[in-house]
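Please find one structure pasted underneath; my questions will follow.
Chain naming follows the written order as A, B, C and D, and within any one chain the residues start at number 1.
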Amino acid sequence: MIATPPNSFKTTLRVTWADTDAAQVVHFSRFFVYFERAEEEFYRSLNFSFADLRSRGFWLPRVEALCQYRKPATFDDLLEIEVTVEELREKSVKLGFNVAKKETAELLATGHLVIVTADRNSKKAVQIPKEMIDKLRPFSKHIL
Amino acid sequence: MIATPPNSFKTTLRVTWADTDAAQVVHFSRFFVYFERAEEEFYRSLNFSFADLRSRGFWLPRVEALCQYRKPATFDDLLEIEVTVEELREKSVKLGFNVAKKETAELLATGHLVIVTADRNSKKAVQIPKEMIDKLRPFSKHIL
Amino acid sequence: MIATPPNSFKTTLRVTWADTDAAQVVHFSRFFVYFERAEEEFYRSLNFSFADLRSRGFWLPRVEALCQYRKPATFDDLLEIEVTVEELREKSVKLGFNVAKKETAELLATGHLVIVTADRNSKKAVQIPKEMIDKLRPFSKHIL
Amino acid sequence: MIATPPNSFKTTLRVTWADTDAAQVVHFSRFFVYFERAEEEFYRSLNFSFADLRSRGFWLPRVEALCQYRKPATFDDLLEIEVTVEELREKSVKLGFNVAKKETAELLATGHLVIVTADRNSKKAVQIPKEMIDKLRPFSKHIL
């Protein structure tokens, strides 16, 4: 049986001046904001309402964030960010990110976010809601 | 009768790399964060608990923000920020800010924030709590 | 003779989570980054190369930034930003901005940036390059 | 022979309102800016001039950034950040960071930055200047 490659989601964003630093490249911390913007667009593409989730008392804190930088991004670059579901666990999801320069397809950075589903009041991790699981499963490399 | 000059409050902060942009100066939007950091230290100096105010249902939205830039700030500059109370009204306060380079006393930027006291639930402007008025009055140029 | 209204430019952007603050609205300083993103898209729409301008030794420092806030923007809002040329002077341009919630057309904030054309080395204001003038003129309310 | 624990450097910083997000905690991306602010203070404590390094043509790009989050930081928290030198290599240094709440000594987050010494023009990694090595060595757990 041949595994089919998992689905991935892609979105683009433009580097704005405020994201650059005095080395005339995008500040390394801004890639994490880019990851999160791609995550938000990914959820939107799934018709997955983050706002609705929040109104039901869930919260999505990040427990780990990693980025490895290969080449700098610069002002006005159009970036393409690919999102994959690296791991889907009972109470957490690990999203993988690849940031490329759209025009040349050069890979600039890779990384991940580990996100926990938590109860807003107790602050404890809780099971990922079933409808979120159902939407993320087709994108998942590992379901644990 | 000679008016005595109003009190002012001064605090310092250091320009971090993330605040710079590709022109190798502090991004203009960061001065507003500097204003707010100075505002927070000003309140702290008055033993004025912003957290307490919030827990009692108040909120301090900004209705106007202005900055005029004279000279750029650069990485690693130690800045001195002076806070004055430009106007103290029934439901709002206008704080004035002067940002200087500490070492040379050069004035880099001036500006103001107009801040309203609002009820968190109704989102309506409400009277500034009396203890806040009492603490701000000694710093006020105009009480309206 | 009836004055025709000046042209304006409109662009949209989505509020990301990192732009919000603990009052669960967009932090006031982020509107200035939104202004600048709209400015960048405005230039792009004019085929006006900011990168080219920079390579020729020009720099576009801001000398004044103002924002007046009417209603808060919140996470996931799609914002429409309108850019107008308020004043076109020999060495500076004043861009006006209106930020509205796209879905409801509610006006959330208005403001402006005063931008100077400067020489990167001397840091002195210089005349706005003719091709930039030519592109901005059709959008200008006042040419001074 | 008993290894003596390596030296570490500690600095404090205050959480400002702009660092918080709509979950009423510090946005996860801001911890990377906190790491960098601590790195800058660490260099300052060593009389290590980053500005001088830059003027000699060096650049310090980050090739990896990791943060693991244990507990949220909130508005007005005074944070204590500890910096250690995890690894000192020929052309790179790995700085470790522990972020604690000063008042309670609770550990909120840990992480690291891997920083390369590069030539500004060629963008190639170069050997860490000897005076930087000499200053970092007393803090280093592993010299490779």
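By our rule, a contact is a pair of C-beta atoms (placed from the backbone, for glycine too) under 8 Å apart; a residue touches a chain by one contact, two chains touch by 3 or more.
This is a predicted model, so every value here is computed, not measured.
Novice: With chain centres set to the mean of the C-alpha atoms, which chain is at the far end from subunit B?
Specialist: A
Novice: Please work out the Cα centroid separation of subunit B and subunit C, and write it as a whole number of Å.
Specialist: Measuring from centre to centre gives 24 Å for this pair.
Novice: Between subunit B and subunit D, what distance separates the C-alpha centroids? Give it in angstrom.
Specialist: Their C-alpha centroids are separated by 29 Å.
Novice: Quick one: report the Å distance separating subunit C from subunit D, using the average Cα coordinate of each chain.
Specialist: 36
Novice: Could you check subunit A for residues that touch two or more other chains and list them?
Specialist: 17-18, 25, 29, 33, 36, 75, in rising order.
Novice: Using the definition of touching given at the top, classify the network of chains in this structure as line, ring, star, complete or other.
Specialist: Here the contact pattern is complete, since every chain touches every other one.
Novice: Residue numbers of subunit A touching subunit D in their complex, please.
Specialist: Within the complex, subunit A contacts subunit D at residues 23, 25, 28-30, 32-33, 36, 59, 61-69, 72.
Novice: Which of the residues in subunit C come into contact with subunit D in the complex?
Specialist: It comes out as residues 17-18, 20-22, 24-25, 27, 29, 74-75.
Novice: What does subunit C use to touch subunit A in their complex?
Specialist: Touch list, subunit C to subunit A: 14, 16-18, 33, 36-37, 40, 50-51, 75-76.
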